[in-house]
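My questions will all concern the structure given below.
Labels run A, B, C and D following the written order; every chain starts at residue 1.
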Amino acid sequence: MEARTPPGRDGLGDLIGLEYLELTPEQVRARARVTDDLRQPFGLVHGGVFASMAESMCSRATWMAVRAEGMAAMGQSNNATFMRPITEGDIHATAHPRHRGRTTWVWDVEVNDDDGRLCGLARVTVAVRPIPSR
Amino acid sequence: MEARTPPGRDGLGDLIGLEYLELTPEQVRARARVTDDLRQPFGLVHGGVFASMAESMCSRATWMAVRAEGMAAMGQSNNATFMRPITEGDIHATAHPRHRGRTTWVWDVEVNDDDGRLCGLARVTVAVRPIPSR
Amino acid sequence: MEARTPPGRDGLGDLIGLEYLELTPEQVRARARVTDDLRQPFGLVHGGVFASMAESMCSRATWMAVRAEGMAAMGQSNNATFMRPITEGDIHATAHPRHRGRTTWVWDVEVNDDDGRLCGLARVTVAVRPIPSR
Amino acid sequence: MEARTPPGRDGLGDLIGLEYLELTPEQVRARARVTDDLRQPFGLVHGGVFASMAESMCSRATWMAVRAEGMAAMGQSNNATFMRPITEGDIHATAHPRHRGRTTWVWDVEVNDDDGRLCGLARVTVAVRPIPSR
């Protein structure tokens, strides 16, 4: 398990209650429970939650695949689209890589509600770079 | 002030420590202090923080402008690009509307570090719709 | 056939040689032959060709579905990502709707080369609006 | 002038009648005349024209800046948003670099009509890579 743990913790992932159900470079599934902390003023899940889940999932899975080569993985762009509000229950996100290049990976992420309805999409480009010195 | 407060609170905005310095439909400035809660595993500010700040700021400012007509404002898309990591200090975000349509507003958001360097950009499209029943 | 023809012709589609193989609101397949007119200076197919194909396909298919209600369909945003260059043969594009809302449709488009390799992705949001007066 | 000319011609740029008014790594201005070839079926300028102009302009200007180091510049992503239709006259596009990195440049492009109204925005990420062998 230590081999799969990045150098530090995912602070924002923890903050929003991100829980991984599956985590491989081929597929990532995760969820978060809707609470008032994740809602915007009109009672819907905040769009930033969708983007944050997608960013965490894709960066982490890319890093898992490239870490053996001494590389880090950091988000380069995150394009999220919101189609249907989620107001309660769990937020379910599933990510698949569409391109695994030497310098960038491109992922597609779907966000669904408890009834399996498509509520959001994100396309995340992750840059693969030498590990930065902190 | 009550006239400017949306129906509920911005849970995610509060969670990441979003603080408004200026909030009008013409310009929004806000900041958040970097803490471990906002960092991803490599010690950089999580890209989801940039997206979440932009989403909160643009949705709220749009709503301020359309609420008198009984409308709500909800993010429709959020395209964030990350160019330079932020590791400490404050995250500074500034948003300007580029289009104020009847059904959508389009905003540009810049994210800077304490030295004023451009670290991220987001383009947020906010849908203007009749207030949803909760 | 007249029932399927929009008011005018797709000038840019014609200009790049866009040819439809399948055109329904559930799936659109089209192709274009690579010529020097579609190449950028380094000999690769120009990214604008990918975006233009996607835009034509998604707008047209959306319009087919909403025209009976007297509505028009116009691109609202077009987010294209380029992963692998195409230099010769045909450009193959396939589009699927991911969301069919009252005011917007969201489409995913894949672009492949003759060997079926994924070369580009586009996410197109099409606005559904009353037909504009010309 | 030959020192500034990329290896080949910009086929798609020529096809849509792209004309440069200013071309430097700090700012690019270009225009295209609206003709039926650039219109979609409802008589508006096709969204692909906006994306194609932006792609040509940003790739070419980036290449001008990096060619001395033996590098090529190729579009990596092109996110276009359409706010106001153009139906006649000229399409005016202006591009500014927002980030000039070692491996990517990020540009913002504005598209205006003859009256100077903002009609579209594009954010283009250009990858800087060793020149590909053809």
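Just so we're on the same page, a residue touches a chain if its C-beta (ideal position, glycine included) is under 8 Å from a C-beta of that chain, and two chains touch if they have at least 3 such contacts.
What you see is a predicted model; the values in this text were computed from it and never measured.
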Relative to subunit C, chain with the most remote C-alpha centre: B
Of A-C and B-C, whichever chain pair has more C-beta contact pairs: A-C
Centre-of-Cα separation between subunit C and subunit A, whole angstrom: 28
Rounded Å distance, subunit C centre to subunit D centre (Cα mean): 19
Inter-centroid spacing, subunit C versus subunit B (mean Cα positions, whole Å): 31
Residues of subunit D whose C-beta touches two or more other chains: 76-77, 79, 81, 125
Subunit C residues touching subunit D - in the complex, by the definition given at the top: 6-16, 35-44, 46-49, 51-56, 59-60, 63, 72, 74-82, 85, 87, 131-132, 134
Interfacial residue positions of subunit A with respect to subunit D in the complex: 76-77, 79, 103-104, 125
Touching residues on subunit C, where the partner in the complex is subunit A: 79, 81, 83-84, 98-99, 101, 106, 108, 118, 121, 123, 125
